[in-house]
Amino acid sequence: MITKQQVLEFLKDYDSENITIATVCSHSSLQIFDGARKEGFKTLGICAGTPPKYYDAFPRAKPDEYLILESYEDLIDRAEELRKRNTIIIPHSTFIAEFGKENFLEIPVLVFGNRAAIEWESDMDKERKWLLGAGIHMPGKIDNPYDIKGPVMVEYEGAKGGKGFFVAKSYDEFNKLVDRTRKFTIQEYITGTRYYLHYFYSPIRNEGYTLSKGSLELLSMDRRVESNADEIFRLGSPRELIEAGICPTYVITGNMPLVARESLLPRIFSLGEQVVEESLELFGGVKGAFCIEAVVMDTLEIKVFELSTRIVAGTNLYISGSPYSDLMQKGLSTGRRIALEIKEAARTNQMDKILS
Amino acid sequence: MITKQQVLEFLKDYDSENITIATVCSHSSLQIFDGARKEGFKTLGICAGTPPKYYDAFPRAKPDEYLILESYEDLIDRAEELRKRNTIIIPHSTFIAEFGKENFLEIPVLVFGNRAAIEWESDMDKERKWLLGAGIHMPGKIDNPYDIKGPVMVEYEGAKGGKGFFVAKSYDEFNKLVDRTRKFTIQEYITGTRYYLHYFYSPIRNEGYTLSKGSLELLSMDRRVESNADEIFRLGSPRELIEAGICPTYVITGNMPLVARESLLPRIFSLGEQVVEESLELFGGVKGAFCIEAVVMDTLEIKVFELSTRIVAGTNLYISGSPYSDLMQKGLSTGRRIALEIKEAARTNQMDKILS
Amino acid sequence: MITKQQVLEFLKDYDSENITIATVCSHSSLQIFDGARKEGFKTLGICAGTPPKYYDAFPRAKPDEYLILESYEDLIDRAEELRKRNTIIIPHSTFIAEFGKENFLEIPVLVFGNRAAIEWESDMDKERKWLLGAGIHMPGKIDNPYDIKGPVMVEYEGAKGGKGFFVAKSYDEFNKLVDRTRKFTIQEYITGTRYYLHYFYSPIRNEGYTLSKGSLELLSMDRRVESNADEIFRLGSPRELIEAGICPTYVITGNMPLVARESLLPRIFSLGEQVVEESLELFGGVKGAFCIEAVVMDTLEIKVFELSTRIVAGTNLYISGSPYSDLMQKGLSTGRRIALEIKEAARTNQMDKILS
């Protein structure tokens, strides 16, 4: 991974008044480019093959220029050029998936946020260590099927889009449904409603909801639209579907907006705080946008099942502000918040604190 | 309850150019304070113990000052101080629950809206009398289980968050599922889609959608997110869940935005009108924000299952306006509408008409 | 149907600086009038009987004047008057349903969009020809029940609101459930999540996402709220409901907002492009607003089940802009986009290209 030392060296050659914000043309790029432009940055769209034509339909979000590659892996060879153009890369999950995690960790270009966080979130054991270390409640892992006492979610290794995942309400049901020829994990199934909480942690702001260092923001929240799990009840109950050989799947196709009851906000901020403080201990801290993926139970307890340490696609709902971010600054999207953070860091000479 | 006479006396000492808007720091307080500030009011957050830290993250909604109590019941002793500060309290359900309904009815401070409405809505028999008296269709109550002819919802007395409530599709099913050792009520189960309709009734405006006195507005609508009922189909059908000993519950964790088809608006306005006109007959009228909680059936009939006579949390979605309120005034939230009403009443010397 | 020649003749007498935008007072009329006013047009509300009172509650959307009819069919007699007032009619589905499709096709007044499109979309065979001709994937039609291999949706002819429609997961289930005394069609049941995609095709703009002629826009998207199908899982699974004699129904009562993952946008734009290009071949082209009603599968394939070639009610969510339209022009609704198109056509003398 790029070291702090390297970051400082790159920064020496950067013209902080002439920064270009770049990302791969997908996922949340419309929002990122729109936000960057609103804060006065130049924008660069990275794409393999022809630039996507859909940008033409969204003139306010169309990047100023494209970096056209044959394949995303070629990006590694363009690092010097990107540095010369004073480029800051905004990572998102498509970027990391297409470019490769190892490439992403090693590319010698300035990246917004802390690359170490990506390493921690993408390793299930590390992620669990991080969250549990922070005192956060996660669904329990069940090593021995005999220990199944209530509903569980059973996941097969490497199943794309959750194909074949199933819920069982008891040990008996688990036993009847499980395919023992495949490798699986068993997790406590939490009944409740899903919330994807969009936070922003600034290591350079010392106002607002302050932590041991920097400050925490809640910009918005969404519920993911999962195909086909969300609407499959129209076809049959889980048992009826199994009998017919039909599998629920959990592929994200989009996002719906929502708000949480205000009395949950203290707990929601604590969760964010716990995640940030523990990350500061473990690896120098998550920086910028992150998302906690949670279930709110009927006891109003919140259980966390996953973490994303970068801008998530659910923020695309809020390109012109959200019921939360509007209480900070009217019309603030996560993309724009990222641009603002870079601007603030450039102005106050603290770029090394927000980049990696 | 505070009398009209007392209200008039309190008002004599109020400086209507120096009003402070106060509420308990929860529920819809961010929206209330944001709206109050936008209309130029001072704001006061009432809290038991330390003020919630999350306000720091939302600078536009943070109250100017706090009234810090040891327990909410102490508020009763601060009434004189509140009056001296020209305070108007905006009630919400957390406020009333924490402070106690009796205390709320009696505290000698000016309150936005009509306290009598709270008395009527919180008593199930009175609420039913009000709604049926207004000619509004509610789900039928079934006194004798033998009269069950279609789907019913069975509710146990005092069950928190609807724990143990169940639906039955027939008398036989009811019979199999009911716990006769507990006290229960049976209600017709209305199949359809839930809408929570956010109205505003102004007794001092005589333009717009006018009623016998004052005028009616529709500011927004939402669908409540209920844990765990909303997503429990992923685990099993009602029957499968019962067999596994798992209960659907109906605890509100948040809200999602929606709009109704425009052809429903005449009926939606009639419902609001009926509620207001009957309330004027019964107790001098609901005032300000209220919410009708309804199911729209596939016949496009609307059945009402509950009423809230104050700002509801679903309005938190619309802190920067809604598809309805934007057609009155761009960016109008219910919180801001409340502040506007107070401003208008102060300017035209009609404070007694909107407070109690 | 009114010919191109007639359109040109009507246009000769129109004063393009003094246009009135008219529609029937329902469906999406609030949005249409709001958008028209924002672009400086006069507005005319067409209604049978008294104008709906709910307009009084939405002053920004209230039409300047009403054309009050005894019954919608009388509109045909007012055509000359409408032309003299330089009226352009914006059709929506309530308009067409109330007025009658034949009347709509024949009324000698200028109409926004291409009336021929309405003819094509309203005939199921023509619609299928159009979509399949465009290379778009639709759910398969199954002529012979013996060919049922997976889940199917069975629809009875003329069933209002989808009453009696049922899903079957296999031939056996179909066989058990079908009422062979009624006329039915069998369609492949696509599991996934529903998206209603709101497009705008401008034949007069040559910038943005350009097609063979004109340009394509994506203004927003929604999910329809269907009563009682959306929430009926709370009562029972499809099989449990059937046993209890309860039918799922599919009556639209409203709409919820959502966004699709950005990586779907290339496919979403291709779909729009295919629909437009094929329509140009078939009948001179859909013009203005249209909607593709689709299911996104867990493979991220998109299957199209229907088409609407006019403004749809789901756009009512976005009266002040959407996460997509805001990237073109802040606050742009479909209603306003229509008004903009008329303004642009009037200014550049191309009215004949957008009207029929």
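Read from first to last, the chains carry the letters A, B and C; within each, the first residue is number 1.
Just so it is clear, a residue touches a chain if its C-beta (ideal position, glycine included) is under 8 Å from a C-beta of that chain, and two chains touch if they have at least 3 such contacts.
Quantities reported herein were computed from a predicted structural model and do not represent experimental measurements.
K.L.:
Once subunit A is fitted to subunit B on CA atoms, what angle does the rotation have, in steps of 5 degrees?
P.N.:
120
K.L.:
Since subunit B and subunit C are copies that touch, is their contact same (over half of the numbers shared) or different (under half)?
P.N.:
Subunit B and subunit C contact each other through largely non-matching residue numbers.
K.L.:
Could you put a whole-Å number on the gap between the CA centroids of subunit B and subunit C?
P.N.:
About 35 Å separates the centre of subunit B from that of subunit C.
K.L.:
Provide the list of subunit C residues touching at least two other chains, using ranges where the numbers run on.
P.N.:
233, 237, 240, 256-257, in rising order.
K.L.:
Subunit B touches which residues of subunit C in the complex?
P.N.:
Interface residues on the subunit C side: 26-30, 34, 52-54, 56-61, 94, 161, 163, 225-228, 230-237, 240-241, 244, 246, 249-257, 313, 316-320.
K.L.:
Help me check something: in the complex, which residues belonging to subunit A touch subunit B?
P.N.:
Counting only subunit A, the residues touching subunit B are 150-151, 167, 169-170, 173, 189, 191-195, 207-210, 215-218, 223, 229, 233, 237-240, 248, 256-266, 268-269, 296-300, 321, 323-324, 326-328, 330.
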